[in-house]
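The same subunit A turns up in both complexes below, where it pairs with subunit B and then with subunit C.
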Partner chain A sequence: MIAIGAGLAVGLAGIGSGLGEKDAAAAAIGAITEDPSVFGRALIFVVLPETIVIFGLVIAIMAFFVL
Partner chain B sequence: MSRVVIAGTRSSLDEAIDSFYGVEALHLIDHTTGADGFSIGSPLPHSSKASERLLKVRAMEKELGVGKGTDTAAVPVAEVRGGIESGSVESVESEVLKALDRRNDLSQRVAGLNARKAALEALSRIPVDLDLYSGYRSVASVAGTVDSDPSGALSSLKDAECFYSFDKKEGGVVAVFARASERDKAVAALSDLGFSEIEVPEGSGSPSRALDEVIQKLKAADAESESVEKELEALRAKHKTFLRATDEELSIQIAKGEIPLRIAVGDRSYILDAWVPAKRAEAVKAEIESKLGSAVHVEIEETRGRDLHEEEHAEERFKKAPTKQSNGRVAREFEYAVGLVSTPRYQEIDPTILLTIFLPLFFGFMVGDCGYAIPFIILGAYGLRKTRHKDWRAIATVLFFGGIWAFLFGFFFFGEALGMHFIGLEEELITHGGKSVSWDILLGVQFPDWFQGLMPEFVHHGEAGAEEIHHGVGKLVEVTLLLKLSVYIGLVHLMLAYICGIFNKARQHGAKEAFMEKGGWTIAFVGIVVLCYGMTCVLFNGDGFEGATLIFMVAGIAMLLVGTVVNFTKEGVQAIIEIPGLVGNILSYARLAAIGMSKAGMALAFNYIVFGMIMGISSPDFHVSTFMLIIGLVIFALLHLVVWTLAILSAGLHALRLQFVEFMTRFFDGGGTRYEPLAVKREKTISFGKEAKEAKEA
Partner chain C sequence: MFGRKGNYAYAAARVKAKKAHLLGEEDYSKMLMMTPQEISRYISEAGYAKEMADLANRESGLNLLERATYANMANIFGSILLASTGDLRDMVSAYLTKWDNWNLKVILRGKSYGLDADGIREDLVPAGSLGAESLDKLISMESEEDILAAFSKMTHSAIPQEVVSAYKAKSNLAEIEDFLDRRYYEHLLDVIRPVDRPSFIFRDYVSKEIDVRNFETILKLKLDGVRGEQAMKYIIPGGKQIDAKAAAQLAATETVAEAVAEASQMGFYEDIKDAIDPQAASIRKVVSGMKRYEMMQSKKFSHLYPLSVIPVLDYMIHKENEVNNIRTVARGAESGLDREVIKGLLVI
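Showing the complex of A and B:
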């Protein structure tokens, strides 16, 4: 059960991150094509939702090693 | 930065511009028309001639294949200027144009001959002489190629003489001689067969003989073309130094000539505003005045402090003082990474030096493997040595320094190379029924004690309760340790960001404002860290709500409350909404461990595939056949190349993200203007000033 829980934590968080990033990345690519100087700022917006999957990973690791 | 105003007589403008470039410190503030009765000037008289010449030089460079990458010697400025004045550009142009014209004529001739050759090749398949195709009054001839067999279509043509040759591979050739009035009908009959008409070349005799003549002519043209190319190559070698030096000199002359377009110029005088580093303001003033004497007046208008109020009260075009990033040789390479977000404002800390430390450090920690580190170091060093492009230099710098960190972490902390520990734990090895591989078992050696002593030792209690001693931190074993370490690194990194934020605000608005804007968040941050520490003690260590734990939790809650109250007065409800974000920011650093783990996982699987499954190693006295050894090593290299490539992407991007998102957003606003003083950058020409300076230094 712990393994299933850990898998779900990472998997679902990964799906969430992916869904969050897809729109931001599409918009960012458009913006960078128009003006390459916004690369850094665009990157920040694209990677913001990525933290969610790290939360999932932390929960998975805690499920495995701490619980 | 100090703002200076320079006023002078228009007659001395030419000389003055040279002086402005000479001091290498004036960052011009563009004049806006009508601001004070002056209008922007027009380019210096020699500028248009210089532009015309530069155009010619660039055209010649393009034709001769001379560019930025061409290796040429530097030429003394006087020699270049003398050459330009004496009309060398024009004489070189006529010489080059002559050769280029020959080349163009020749290529046109070759194109014509090739077309004639193609037509004759087709017509030579039909036994009709060239002179028979024309010269009739009432007969018209049509010749061309077809895609399919024309015999059927041709039989339908009455009163027409038809010749054809058809081959399934090469297609067909048709020649039809019909009444002049029937010509269109013949073409229409052939059009369904994919007919493409050939213009019959002039001449007499058989097409084959004419074809031989054309081939001879083409050979002669090729030989001539070779000689023209050699001539152009000789011209390139002869003039490349002159062209590069002239290009540089003319570009400088044009840049100088266009300065009046950026300053205020009246009938008899000019005025310009510029920023100068405060430390140099007096020296610059003295230098310009000594060079131009009574023809100029320089005044230091203001010395801009770091307080934002000074900027707010300034006139619109004087509001933004440019930012001079003063970084050392190594840190300068990281200015590009900061520039990806924005140029720092004049009133804030330049985060470049912090990125110089943390970006490679995080990259190295995430890679954490000697085997992957060495190619990174080599690639980075090669890139730094070879490339001048700022994008590639920035990447090469991260790879080089990141590679060094990766090696240090990989050797002294993780104790592994290519996903394999130097010293393996017996029961986990594939030789003892486990899944991992280690260098000592692979090489069949026992590393000496001093070598083992270089790596940290960890004692683990295995499933049966037996003690296991690990040499080096196992990325997939010491997960809790790595996770904790990542979070601690995050705490230090974020704390540094909060301190920078307080420093920035204190500089911009004073200590009180700094406390209200950033102090509250810093207190809340420390509060939540202390509170979380207390909570982990209770939740995971089983401590009760007593003693030190209780103190931690109470202190944490108190600090969090104080911080939130301070923030609430400034930011309202947002202060409460963003509290969970503080924990999120800290946990975001868990990626430092996560990326390392993911790579270790992949490497473990790949090593098992190669050594366990392909080479079939299952006992300490293993034997591998040469064939399987070669196959295994090839696959080993390919698989690790995958991990290594992913390391660049994942470790590089995540290290950058931690800097951009978690770190820089705490204190960095950006939006500054880069300090770009008027200066002449010579690479292909040597000025006398520089020569004199070098001689003096020597």
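Showing the complex of A and C:
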């Protein structure tokens, strides 16, 4: 059960961040097409939703080693 | 989920980046103090450099500026269409059909006035589905019937025989132009499926645009002495406030001032009430007031739904307005008009 819970924590967080990143990345590519100088800033906004996966990963690790 | 849905995030980001480069009020104030040559140089530095350079070996002076601004608008609208997918592309494409109609009207008018190919090309805006090559093909045709047949084939939209016959019988381009405008708005309203709030807003905007067109038509016809039932056949259906009943009431009024007073309950009245000059037979100020009303409508909703067709529509309206403003300032400066008069013609 712990393994399933850990898998769900990482998997669902991954799906969530993927959905979040979809529009952010599309908008970033649009902005970079118009003005390549915003590449660095656009990249930061694209990877922001990625942090959600880290929360999922932390929960998964806690499930394995703390519970 | 992934079917016909458009790439709103990508397209909206691109048009927002483009919108940041549009000319502002202070730019127009500077341009009002310039000569046409200085205006050309100024806009070259404001995003029109490529088109100005491309056309510089064929045109000069005001002609260069006018063609370059239209070419720039056509290139940008073309790039927006290329960058759009799914239902967003359908809506943008339907919206840009107006430039196909515009080009057909320019070609037919040019032919009827006996203009040469270059003279006709000056006013073409290849921003719709027909590119420069297709338009050249149409220009090279001799008879109006051939042009209309080829246009129908190229745009996959037939022009009914009775419209062509009425045009031939009266030699009146208004028959064709009226038909094209009606069909454009009918098609546009068909394509914008009211499935969500942004599409409702887009439809609403188009309906208000129809109102503005109809009111403009009624006023222009009034100046020509056309009233009542005769004026009603030029009314485009689908307006928001000017439905058949309201249009009949407006058409029945005797003078322009009466028509404006009759329109006092309508949304655009606030923007035109000060513009009406009972002494002058001109409706120029009223038309500018209505354009300002249209711009205000688009400004109102431009920030509401970032991931929708709204930012794209808003940008296209503003870009078209910018091009019209630049041309107005340049033409005014060329003909030595007073700065205040030119300023009054601008829609900012």
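Please note the rule applied: the second predicted complex is superposed on the first by the 67 of 67 C-alpha atoms of A that agree within 3 Å, B and C clash if a C-alpha of one lies under 4 Å from a C-alpha of the other, contacts with A are read in each partner's own complex, and residues count from 1 in each chain.
The criterion applied here is as follows: contacts are C-beta pairs under 8 Å (C-beta built on N, C-alpha and C of every residue); 3 or more make two chains touch, one makes a residue touch a chain.
Small disclaimer: the values here were computed from a predicted structure and weren't measured.
**Q** Just checking: does A:D23 make contact with subunit B only, subunit C only, both, or neither of them? Give me first, second, both or neither.
**A** second
**Q** After lining up the shared chain so the two structures overlap, which partner does A:G7 touch, if you call subunit B first and subunit C second: first, second, both or neither?
**A** neither
**Q** With both structures fitted on chain A, tell me whether subunit B or subunit C touches more of subunit A's residues.
**A** Partner touching more subunit A residues in the overlay: B.
**Q** Looking at A:A31, would you say it contacts subunit B, subunit C, both, or neither? Reply first, second, both or neither.
**A** Second partner only.
**Q** Tell me, which parts of subunit C touch subunit A in their complex?
**A** Subunit C residues touching subunit A: 7, 9-14, 16-18, 83, 307.
**Q** Applying the document's contact rule, which stretches of subunit A touch subunit C when the two form their complex?
**A** For subunit A paired with subunit C, touching residues are 22-24, 26-31, 33-35.
**Q** So in the complex, the part of subunit B that touches subunit A is made up of which residues?
**A** 337, 339-342, 479-480, 483, 540, 584, 587-588, 590-591, 594, 653, 656-657, 660-661, 665
**Q** In their shared complex, at which residues does subunit A touch subunit B?
**A** Spelled out, the residues of subunit A in touch with subunit B are 39-41, 43-44, 47-48, 50-51, 54-55, 57-58, 61, 64-66.
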